[in-house]
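The structure under discussion is supplied below as structure tokens; questions concerning it will follow.
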């Protein structure tokens, strides 16, 4: 089943196209890696899907509904959760409250009660391994833990589509493996579909089932990981960026 | 913290409720004692009654500015909408007291919600909020001055509907307005503890993260505009009946907005009791400076500049934070009470 | 009707000049100057005092402009400094509140020292007929001043090095810095210029009606509305918006009553924000 369908999606900033006509179909349950050189438009595309920066043109259909004109909060409530490239959180709230907020307002369907939301938050925190930090300030967490916190806030609403923007940048090997496991488990247990922007090729090659390469705002290649990453077009697009599919 | 609330028994829940509402009870008890000292002086009773009215205004303003970061520069005008509506309906159209107050409250609420809605759906909303609310203040003032047939223009308007009620006695009105303040404080706490309060906190901390978490930032800002403006309108309407006479100056920008802002910043933006503390403090200061009344406005201006340069979180919270830092060296101080709305541009 | 229209243009040119001063500062520093009107009134009162001491207009006007410019520069160099260290909406909100404080100080001072002072400039001469409407000389001189100031500003921004530097900062502060332009210096000078423009508004206004010492808040609000309708940061937008709103203002005052004019202006600002947030000349957002 196709859960997300993009048609001729464009996003312009002051006349310059950051995303220049993207067509994409994503199957339910897929883990799709979105890669491409810096400035290719990956983050912009995710923000367009999430409603944070509505596209200039084109249509976005999630689960059979057009969402391109909706606000980010409505998109989230339909079951599309996004984790941004740089972590953002609520500084007046504890770790647990941060995650509970994601359940309270970001759940599909009816808004849960405060205590239910706290319950969801604790489950989500356990899921990402932050249960013991529940009562602390977010500022006291490491960058990697802050990303996990955001992941927990996204998962707390039990979304059906998860948009992740470079959540694995700068992690050491253990942390990287932990992240990969979390995404995998989330897909297995919650059946969530994942679109995931990543530069860390090692992680991409171990987790992704499908790779879409974006270059100058357009889809350059789309398919099986090994196939795509050895495609000469892709290799030349990455010229200058190191590309090392074997990690 | 989470460990406790996981196994929250009814006893600990009762304790938590006590913790949440006892400060209000304590404040009410203390304020209830004030008239014991002043009850034989009509002048002083008027002073402390107005102090209570301003405490009510400031709590309302705190819901708008403190909880959701909207700089409403029309608190006086919104209170005036409540006051003049109720006064005109009772004196010119023979309405009974209570329905006129209800209508004044609703009208203020609708206007405040509309101003919020206009300004807040765009980026640059701090600017647009400032502009539309200031423009509304001026519109209101010109309307009051221009529609002499209804408002009496510069000559003002007699308000007689409450002439034989306790609202116009010497001491009792103080307790009426103290009751209003208590109701407002309880409302503030109820909101704070409900999902609405969670939404307020999230959008004040980070609008983008709030949107991404499913919070409809615009809607909750408008809620704050509706609620706070209703509270202003109600306080203004009751005040009009208490004074028995209102004029353009009763709710003028210079007389209300600047004072309310100073009270809020002094007491602490975004804290429950800050507005009351600020109102009490400013009432005392004003009374001490009563012989220099002409200097007052200029002093308020200086206080605004100094407070925002030096104590952006409010004087009381800053001092409390300082003390905390001295006693718990090494531990983080209290979270920012006020942070201007989300500090990232949206597109 | 023609007379109402012409009066609208006279008022509109003043409003345009008022909005331009505000919009310049906003474009440069992201600060919405909530004491712009008070700067104008301050200048007016200085002129009035100087005139009372028997000095000529040629003496009084420069002194008044200088006073307004000086207060503006002083604000920029002192309390605005912490504001410039902030970014985004935090900067906007703090700038707004601090300038509100400054405006309140000026208001309070004038109310205390000169509660009934006013600036009145009478220009003698017989009315001059414009498209069949006899116009007072004062109105014509006032309009000429506003037009000349607008034209001078246009030439300044387009054809002088300093003006081009100013525009480049309005468009892209970071880029301008990289080109070796010192934004802080430009900002300070533009603050001064904006103050002087405020003073000039007082001069031209005083030729048609007295500028009283309590007019500050009202002038500030008019400036805000004009700047928003014109698109914040757009100098030409502010002028166009000023003229349009001036006409709207006099027409609605003529047909309904003065009390309605601010409501109409408020509505204009609200509609602009809802439908064309970049201003009447701006691109649709």
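Think of it as A, B and C in the order they're written, each chain with its own count starting at 1.
Definition applied: contacts are C-beta pairs under 8 Å (C-beta built on N, C-alpha and C of every residue); 3 or more make two chains touch, one makes a residue touch a chain.
Worth saying up front: this structure is predicted, and the values here are computed from it rather than measured.
Q: Could you classify the connectivity of these chains, where an edge means two chains touch, as line, ring, star, complete or other?
A: Here the contact pattern is a line, an open path with two ends.
Q: Closest chain to the overall C-alpha centroid, by per-chain C-alpha centroid: which is it?
A: B
Q: Between A-B and B-C, which chain pair is linked by more C-beta pairs in contact?
A: The greater number of contacts lies at B-C.
Q: Relative to chain B, which chain's C-alpha centre is the most remote?
A: Checked the centroid distances; the maximum from chain B is A.
Q: From the mean C-alpha coordinate of chain A to that of chain C, what's the distance rounded to whole Å?
A: The mean C-alpha positions of chain A and chain C differ by 48 Å.
Q: I'd like the Å distance between the centres of chain A and chain B, where a centre is the mean of that chain's Cα atoms.
A: For chain A versus chain B, the centre distance works out to 41 Å.
Q: When the C-alpha atoms of chain B and chain C are each averaged to a single point, how far apart are the two points in Å?
A: So the centroids are 32 Å from each other.
Q: Would you please write down the residue numbers of chain C that are in contact with two or more other chains?
A: none
Q: Please list all residues of chain B that touch 2 or more other chains.
A: 339
Q: What part of chain B is in contact with chain C in the complex they form?
A: Spelled out, the residues of chain B in touch with chain C are 69, 71, 73, 118-119, 121-122, 124-128, 130-132, 134-139, 142-143, 145-147, 253-254, 258, 261, 294-305, 308-309, 312, 339-345.
Q: Please output the residues of chain B touching chain A within their complex, sorted ascending.
A: Interface residues on the chain B side: 1-3, 5-6, 194-195, 198-199, 201-202, 204-206, 208-218, 332, 335-336, 339, 347.
Q: Mind pulling up the chain A residues that touch chain B in the complex?
A: Residues 50-53, 71-74, 76-77, 81-82, 84, 88-94, 96-97, 100-102, 104-107, 111, 114, 118, 122, 134-135, 137, 139, 153, 157 of chain A touch chain B in their complex.
Q: Taking the complex as given, what residues does chain C use to touch chain B?
A: Touch residues, chain C against chain B: 26, 32, 34, 79, 82, 87-90, 92-94, 96-98, 100-109, 111-112, 217-218, 220-221, 224-225, 228, 232, 257-263, 265-266, 269-270, 273-274, 277, 285.
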